[in-house]
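Naming follows writing order (A, B, C and D), and every chain is counted from residue 1.
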Amino acid sequence: MSKINFITAGESHGPFLTAIVSGLPAGFKIDVNKINEQLHKRQQGYGRGGRMKIEKDNVKILSGVRNSITIGSPITLQIKNRDFDNWKDTMDPILPDTRNEKVEIPRPGHADYAGVVKYGFDDIRNVLERSSARETAIRVAVGALCRQFLENIGAEFFGHVTQIGKISIDKKSIDYNLLKSADSSSVRCINKDISEKMEREIDEAKSVGDSIGGIFQIIVKNLPIGLGSYIHWDERLSSKISSHILGIQAIKGIEFGEGFDSAKITGKNYHDEFSVKEEKIFRNSNNAGGLEGGMTNGEPLIINAVMKPIPTLTNPLKSFHIQTKEEMIAHKERTDSCAVPAASIVAENVIAIPLLEVFLSRYGGDYWGTIKKRFENEIN
Amino acid sequence: MSKINFITAGESHGPFLTAIVSGLPAGFKIDVNKINEQLHKRQQGYGRGGRMKIEKDNVKILSGVRNSITIGSPITLQIKNRDFDNWKDTMDPILPDTRNEKVEIPRPGHADYAGVVKYGFDDIRNVLERSSARETAIRVAVGALCRQFLENIGAEFFGHVTQIGKISIDKKSIDYNLLKSADSSSVRCINKDISEKMEREIDEAKSVGDSIGGIFQIIVKNLPIGLGSYIHWDERLSSKISSHILGIQAIKGIEFGEGFDSAKITGKNYHDEFSVKEEKIFRNSNNAGGLEGGMTNGEPLIINAVMKPIPTLTNPLKSFHIQTKEEMIAHKERTDSCAVPAASIVAENVIAIPLLEVFLSRYGGDYWGTIKKRFENEIN
Amino acid sequence: MSKINFITAGESHGPFLTAIVSGLPAGFKIDVNKINEQLHKRQQGYGRGGRMKIEKDNVKILSGVRNSITIGSPITLQIKNRDFDNWKDTMDPILPDTRNEKVEIPRPGHADYAGVVKYGFDDIRNVLERSSARETAIRVAVGALCRQFLENIGAEFFGHVTQIGKISIDKKSIDYNLLKSADSSSVRCINKDISEKMEREIDEAKSVGDSIGGIFQIIVKNLPIGLGSYIHWDERLSSKISSHILGIQAIKGIEFGEGFDSAKITGKNYHDEFSVKEEKIFRNSNNAGGLEGGMTNGEPLIINAVMKPIPTLTNPLKSFHIQTKEEMIAHKERTDSCAVPAASIVAENVIAIPLLEVFLSRYGGDYWGTIKKRFENEIN
Amino acid sequence: MSKINFITAGESHGPFLTAIVSGLPAGFKIDVNKINEQLHKRQQGYGRGGRMKIEKDNVKILSGVRNSITIGSPITLQIKNRDFDNWKDTMDPILPDTRNEKVEIPRPGHADYAGVVKYGFDDIRNVLERSSARETAIRVAVGALCRQFLENIGAEFFGHVTQIGKISIDKKSIDYNLLKSADSSSVRCINKDISEKMEREIDEAKSVGDSIGGIFQIIVKNLPIGLGSYIHWDERLSSKISSHILGIQAIKGIEFGEGFDSAKITGKNYHDEFSVKEEKIFRNSNNAGGLEGGMTNGEPLIINAVMKPIPTLTNPLKSFHIQTKEEMIAHKERTDSCAVPAASIVAENVIAIPLLEVFLSRYGGDYWGTIKKRFENEIN
């Protein structure tokens, strides 16, 4: 199988977020503005806190691209953390910490506790700086880069929020023609009335120092048939996509197509029957969410994912001091009250990584011109 | 990170299922009977069809183990397909096909259609033989092998069925003391009344040539704190476990702890607060399902997964002929009407693979004696 | 990059050697006889000991191939160790050792000493059974399988012995038209006179219970230009090939083209200048051995590799007892006195693995028909 | 096996060289000066050209380290290319090329020709910018980082030049007590007379626009026994080290210990016999170069590697124009006449990467304090 190898690096209040991506074909024209557009979308959304006012993320490309064209070498993406200036005294990579304010009370729901046990730290800051969802900014950049290749062969990516707190859109009533309108909602919900109710749900949580999670849906249209494979468990697209989505901070579940509701439907009603019109194959439903046998089947790829409420609360939870073992309330760190709209942007871009990987595995090649020609000539 | 590398091989009606597993420590005493026990459990369950009467799976170990002790070299596991004798004339690896009965009508819900598009086959048998869930037998053997290492340091693995069709156990009323009783239910449900209703649900589907899916839960107790990591998305246990579970045939979703219901609960009520008793850290809830920041946090690891209804129906669905493009009803292949209990066994064993991987990554070492001593001496 | 994933398994006196290979395209016709032919060649050669009379290796294909055609699923290759019957009492994977003859004196030059230190064994047999070059039999099978794909697009593989002990063929006088004649020499040397001298060199070593190593050359012709890449160190073919060749037991060095002699030649005389005839590009020399920038450049790929003398001597070396730490002479195990001709066969086949890997990375595809068509249409 | 995952990025005249390294333990104190020291050494050496006067490499650490202590997260290393300012008009990642001077005549010996064939470029600059050995600067930084961990447990790394052109040090007469003196020679040769002759050899090549290669030796002392493994070909240290060393630009061969000379020595004289003194195990020779069965055996690890002459000549070779296919002399690019001393620095640092990888695989752990304690307590 083809492999897009990438590593993301960077702490929440460190100087930079950086990623290096190798395995992308040469000869493809990159649009940096489209990457920045996704970065900006990620920073928006009703319920975000103060940091988003400090940061205005823009990616710099430092290698692998010459005059906007990929040259096949590893691509370095970098985002400056503007907030680093306020944290230099404690977060400098080399110089000693002159602030000397250790974080010693783990926040329930966060990596804090398991992190200090694992790494033997006496300062939880060493954990939270990397476990923070700030890292998703650079992951969005990687995804937004990969996405451009797939968009170039006609794929379309959509994400929208279907639930925040107890407020949800009726799954059966989703108007898929409205997907593009998600961006005009502060909560990325395509139903205007529900959008407003979701805002209220967030307001309510915020007003009591609480936080709230939700569910979002990602849809990818116009993928060729036969991406991924049933040949080995780790080549199934269901496996690959899940590993990426459940690799996003705070995501606690994923489902494809009808997902958990599939349990209730019998085979007769669940499976997407074929019909033929003028020698072309159609389906009358898409309960499988576009994947059969771990491969794309020509229908839109549809996943839902759930995000837990943000674990940092301005009205903090019960915890303890890691040295004294005394019960105390948890450490406070600047926080949002809801990040589901942002998470939907993260997922909408990140999903492009395994999809491009299986696309390149099928169409191979070192040079995008050749790959695209193969795709067009050998089309199913 | 440490890496257990394994490849499974074998077709549904080929001569053997084989797996080679590398990366397991030397000096560990294997109990083959315990592997076979899991293989036998996988073959049971209300709703299985005729093949389970032909096969009685037993694993043979062909390398990597000497006198029942691992020696560090790659371990070969092999299961003979007794049914191969009935399929030799068409499935022989080398000799030509003398039966000449091509499968040419794809089954909706199966890998059939995308498979032939992908690989250019004119016989769907080349797809279905490998995409079949028969492969899970050898994957269970790999998992049951890995599981023994973790059981040796005190971990306990449980799986039970919580929903079949519309019949489900009340998630809030699960009596976790009864987990071991799942094995005495034909549907692996720990509630006797619900078990019977589930059997009826299966009977009903079967009586009309239909099939039915369901949901199961896997629980792993007594894992040390700090397995997995927040350091990179692909080292999060949530990511690793999901890739394995969604790599199982017919699984369409996974959730950790409260999972999709987390959307409805505010942070205050969702996050698992700490309390301290006699210098020991406790939690008063486990909504996170034992993972925070992608790491084990000392609470039981809990996942739910959903299996779609089996796509091969004795009353088949609408399809078409891959050569003539004429509409036809789908190909029939011997089938079960419900495989959810079996799937719970597959998942219960397969989950041990990524868990052992992160355990070895933390405790390292080439020799089990050393690893175990480290685990005991350095315990959190 | 594309990835042929394979694991070999099996002990020298265990029941079977097994390998599983994943990542090979579907739709390719395998010739098992050609694999067996390589296995038989590996077993020959002047200087082999008694075991070669017991074993007559033949591979069985247990999966991934149907009616001699690959179907894209992982391919299981298996070779029965006939000698296992004589070793059952001590080597049975499951049953206890009833022979009870521990090996406790490490052989200098072998894995014995570092192996027991590493794995904490009290019986060196646990090391030597896997470190033995017997494992190369199954690795030859993997290589001979991969080689068929490349031969199908015109590549030709050659191996011949250029030195045994102090007897060597003059590197500058190699008649490359005679490469095929290597098989008719008992030492795989293409010069008849030198062949005889090499036999005498082996006789001499054998007569005093000693052993002898040597140097061989592998040549691969007709590879397309541009396999491998300068993009990252681990994608350079020089890196990939070296990792495979230095992964063969007893190999202590590799060089490409002029190799170590390149130090002596200035750039002016070393680099292979271009010339053009009728719009076609030619070289007037091949000092680089067919690789520039880690990529194939259209010239024959040429490597030399050196094998140390076999470390098991019938007139054994000074050693010690691992328990008592007393000085003793080393353990004896049945042995050959020279295995250089066999090693040349191992290398000649094993080199096909990274070469096919980079070929598939360039031409991609799931189906051999498509891949071959791409290769033919897009040819440089 | 444990895995240090790293990707290097950057073009020769691009703005930055960047690497991200993941898999290093937390809690280790980094000395950046020691990384810079290696970078500076790489830039020296008799025979370097003009660029070395422009660049004075210094690494910046942008993530994964806080107050000089590793925190377990991926480490970003970055070196600014000062020369970029002179190349902005053609090398800008995003802005169009305003210089418009395509390189269209491939240099024999370089990646140029195969590179354009592979990637379909019309400007060889897209190849040479990445294939250039400038990339080794950042790879030295990665190696110098890994090396610090091993030095912390007592390992010592040495490199020295043994041959330039026809001038070589007598292998048998190497005084291993003088290894540290290599740094005081402009050609990194530990023999003062030979050093001067080597300088003359370089002068001579330079004076006629020619270039010259050579051979260097790397020695690593005080590694624990049992690093690497015979278990699988790709876990042998010989394989891992070779893949790293042959992954360095212009390296055409590697040998361990006696290397190619091993062919001439019989087993009796080649293999390193054991002796015992006061219960301690000794060797009387080290022909194996510190590796048996692909594992460290307690003796110094010794390799030799050969570098071909630099392919860019100020008196260029015969080539052709890639568009017109007319014969022409090759493209000129600023160049050195000998880079063997620099290559020895590259190899001396790069070798630390696979060595640390196998060390961590053996001693595991997330936290350096724990790892070191294990190493000390469990020592052989």
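For the reader, a short list of remarks on this structure follows.
Here, contacts are C-beta pairs under 8 Å (C-beta built on N, C-alpha and C of every residue); 3 or more make two chains touch, one makes a residue touch a chain.
Just so it is clear, the structure is predicted and the values come from calculations on it, not from any experiment.
Each of B-C and B-D has its own count of C-beta contacts, and the greater count is at B-C.
Ranking every chain by how far its Cα centroid lies from the centroid of chain D, the top place goes to B.
If each chain is reduced to the centroid of its CA atoms, chain A and chain B end up 26 Å from each other. Taking the mean of the C-alpha atoms as each chain's centre, chain B and chain C sit 37 Å apart. Taking the mean of the C-alpha atoms as each chain's centre, chain B and chain D sit 45 Å apart.
Chain contacts: chain A has residues 7-8, 22, 72-74, 118-119, 130, 226, 229, 231-232, 362, 366, 370 touching two or more partner chains. By the touch criterion stated above, chain D contacts chain B in their complex at residues 1-3, 22-23, 72-74, 226, 229, 231-232, 360-366, 370-371, 374, 378.
Interface residues of chain D facing chain C in the complex, by the touch rule stated above, are 7-8, 106-115, 117-119, 127, 130-131, 139, 163-166, 168, 205, 208, 210-215, 225-226, 229-234, 236, 238-249, 251-260, 262-268, 270-276, 279, 281, 283, 288-289, 292-298, 304, 306-311, 313, 315, 317-320, 325-327, 362, 380.
Touching chain B in their complex are the following residues of chain C: 5-11, 14-20, 22, 26-27, 32, 61-68, 71-76, 78, 91-97, 118-121, 125-126, 129-130, 366-367, 369-370.
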